[in-house]
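Scrolling down, you'll hit the structures one after another.
The two complexes that follow have subunit A in common; it is paired with subunit B in the first and with subunit C in the second.
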Partner chain A sequence: MSTVKTIADVEFGGELPSFKPDTSIDATRRFGKYVGWDSPRFTDHEGARKEGLPGAIVPGVMSQGFLGAMIHRWAPDAEIVAIDTIFRAPVLVDQPHSITGVVTDVDEDASTVEIDITVTNEAGETRVFGTATAKLPNG
Partner chain B sequence: MAEQEAVDQDILDLREQFLNREFDEVTFEIDGARFAEYAKVCGETAPRFIDRNNPDFQAPPTYVSTLVGGRSMPPDFPNLGGMGMDAGKSVQWKAPVRDGATLTGRSHLHDIYTKTGRSGRMVFLVTRMELYDEAGTHVANADTRTVIRERIQR
Partner chain C sequence: MILDLHTHSIKSDDGRAKVRNYCQWIRTRGIPIDGFVLTEHRQFDFDSDYSELARKHELVILKGAEVETEYGHVLVFGVTEGLYECFDFTRIGLRLEEVIEHCNAHNAIAAPCHPGRPRVGMSAHLEEHGVPKGVRIVEIHNGGSRADEDAVAAAMAEELGYLGIGGSDSHIVSHIGRCATEFPFPVHTEAELVEALRAEQFRAIPRAS
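The block that comes next holds the complex of A and B.
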């Protein structure tokens, strides 16, 4: 499924284009500088290890932002009216992750879709799981 | 079973005492440069989130999760004995948040519940910040779910 414009373009069970978020230390440092969450656990591997972590981790609020971006990259005009994000395990900085999404419900009357979104690491382990409701223009 | 009911009674008491009681109010000045950077770092490509010149320039809906109140729990909330961890974030989006807006965030405990696993009981606390603009329009709810893994009594 490529990008969609309207609710008529959406198929139940359709997969959103996979997205590889920028989980580099440069990205978390930029996030820390402009948004907050600039403690060493997010911006410095050695500082994170001193806190008992295996390395720096991506802030949860940044992971949630990845999920929102995933939806907008698929449906640029979508309005996300609700998004719930569960932090199952840390997203480690400088390690590749992938985000996948699937449409789990389509309500053409309300012009909304339900989407499940999953952030996984290279081992295929789920690190973050989200569900979202997005409103799309009528076709 | 009787033991489980007795355990859960403390949660019922906490719910009775603390749910839906506002404990914090804080004001946020919304800076478009800041939310545009947030959008770019998170991988947003839609112009309305990253281009200040876009006529519909607004914060991504998840941006409100980055707004932190003065405190996350009521001042008189008891110490439950375990370490709290961020278990998740939820956003209910109601209206666009624009550059230059002044938002008021009012926080309350929205839910308290438990899950019990092999390692014992976990208590989940959901803190909800309701966000309003200058006109009093309710623009979003931002929920933070904190999990406290109780220490097993031996």
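The block that comes next holds the complex of A and C.
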């Protein structure tokens, strides 16, 4: 996997290594346990259906964690300044999803990059999108 | 000529794309469109001037709006100051037929977008409100569609005899051009866009699979 070290390594349009997050019910249960937030909507399909959802959903902050991890795998020394996500549809537990990222702005003076991030399901539907701003060391 | 007729920039509350980055992306990635229309939510952006960016990147950058009616969201092309004074673009729950009447009076066009989408699409409201008068064009390919939303839109358009356009509904840079509309002749201004839509010679381009 290719990583970047400094702002000089980044090009407009460069793609981050895509990532398939662990959206299993075990993962959301562990997450709920660690953060003290184990609502059935995240940890139990039947409980989520009783709330009117199609099944258990991945917590939004957990999805944001996946995004942050993807950025740090790509640029281990990056400081994530902001992650701004728009949740268009739930990320359903136990369904495969992919996360992609691509650099859509490079500010060499500020040593920051803007990254488009998209979470899609197997049907190719965008479930979550947004942008992240990361500060990288100067080259 | 191919235009993405439905895009949002940071001027929209949920838009995260800068217009200059859209231009860079289209040229860097070779996105097969000749330009795009910025259809910001519940407003018309009279202030921004993208002519220099358009020249630099040899792209057509036009402006429209996306307003909200009892039938869901509706794209408006050909907005003028006169039209802008006719109704409150910021209001949620505008009357679609009134929007269409005002558009017709000011040589603009209103086209319901993502009509197959639950809640914010036209098809979801037909049972309650009936078929609205005056609709001629709807968006049948939307880059943000999920499940069968585009199929529902296309079926509705066929049943009601509407023409179809396409647009990405992009809110971030990398989603621009996912769907578009092809015209058989050049379109360089908002007025020419209205003329081209009224000529009814266009083709909606779906998202590449």
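By definition in this document, the second predicted complex is superposed on the first by the 138 of 139 C-alpha atoms of A that agree within 3 Å, B and C clash if a C-alpha of one lies under 4 Å from a C-alpha of the other, contacts with A are read in each partner's own complex, and residues count from 1 in each chain.
Keep this in mind: contacts are C-beta pairs under 8 Å (C-beta built on N, C-alpha and C of every residue); 3 or more make two chains touch, one makes a residue touch a chain.
Please read all numbers here as calculations on a predicted model, not as lab measurements.
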Touching partner for A:Asp38 - first (subunit B), second (subunit C), both, neither: neither
Which superposed partner A:Ile86 touches (first subunit B, second subunit C, both, neither): both
Which superposed partner A:Asp105 touches (first subunit B, second subunit C, both, neither): second
Which of subunit B and subunit C A:Asp94 touches, first, second, both or neither: neither
Contacts of A:Pro76 with subunit B and subunit C, given as first, second, both or neither: first
Partner chain in contact with A:Met62 - subunit B first, subunit C second, else both or neither: first
Subunit A positions touched by subunit B in one structure and by subunit C in the second: 84, 86
Residue numbers on subunit A that touch subunit B, as the complex places them: 19, 21-22, 27, 30-31, 34-37, 60-62, 64-70, 72-73, 76-77, 79-87
For the subunit C and subunit A complex, residues of the former touching the latter: 14, 16-18, 21, 24-25, 28-29, 144-147, 171-175, 209
Residue ranges of subunit A touching subunit C (in the complex, touch as defined): 12-13, 84, 86, 88-89, 102, 104-105, 114, 116, 118, 123-126, 129-131
Of subunit B, residues touching subunit A in the complex: 33-34, 37-39, 41-46, 49, 60-63, 65-66, 68, 86-94, 145
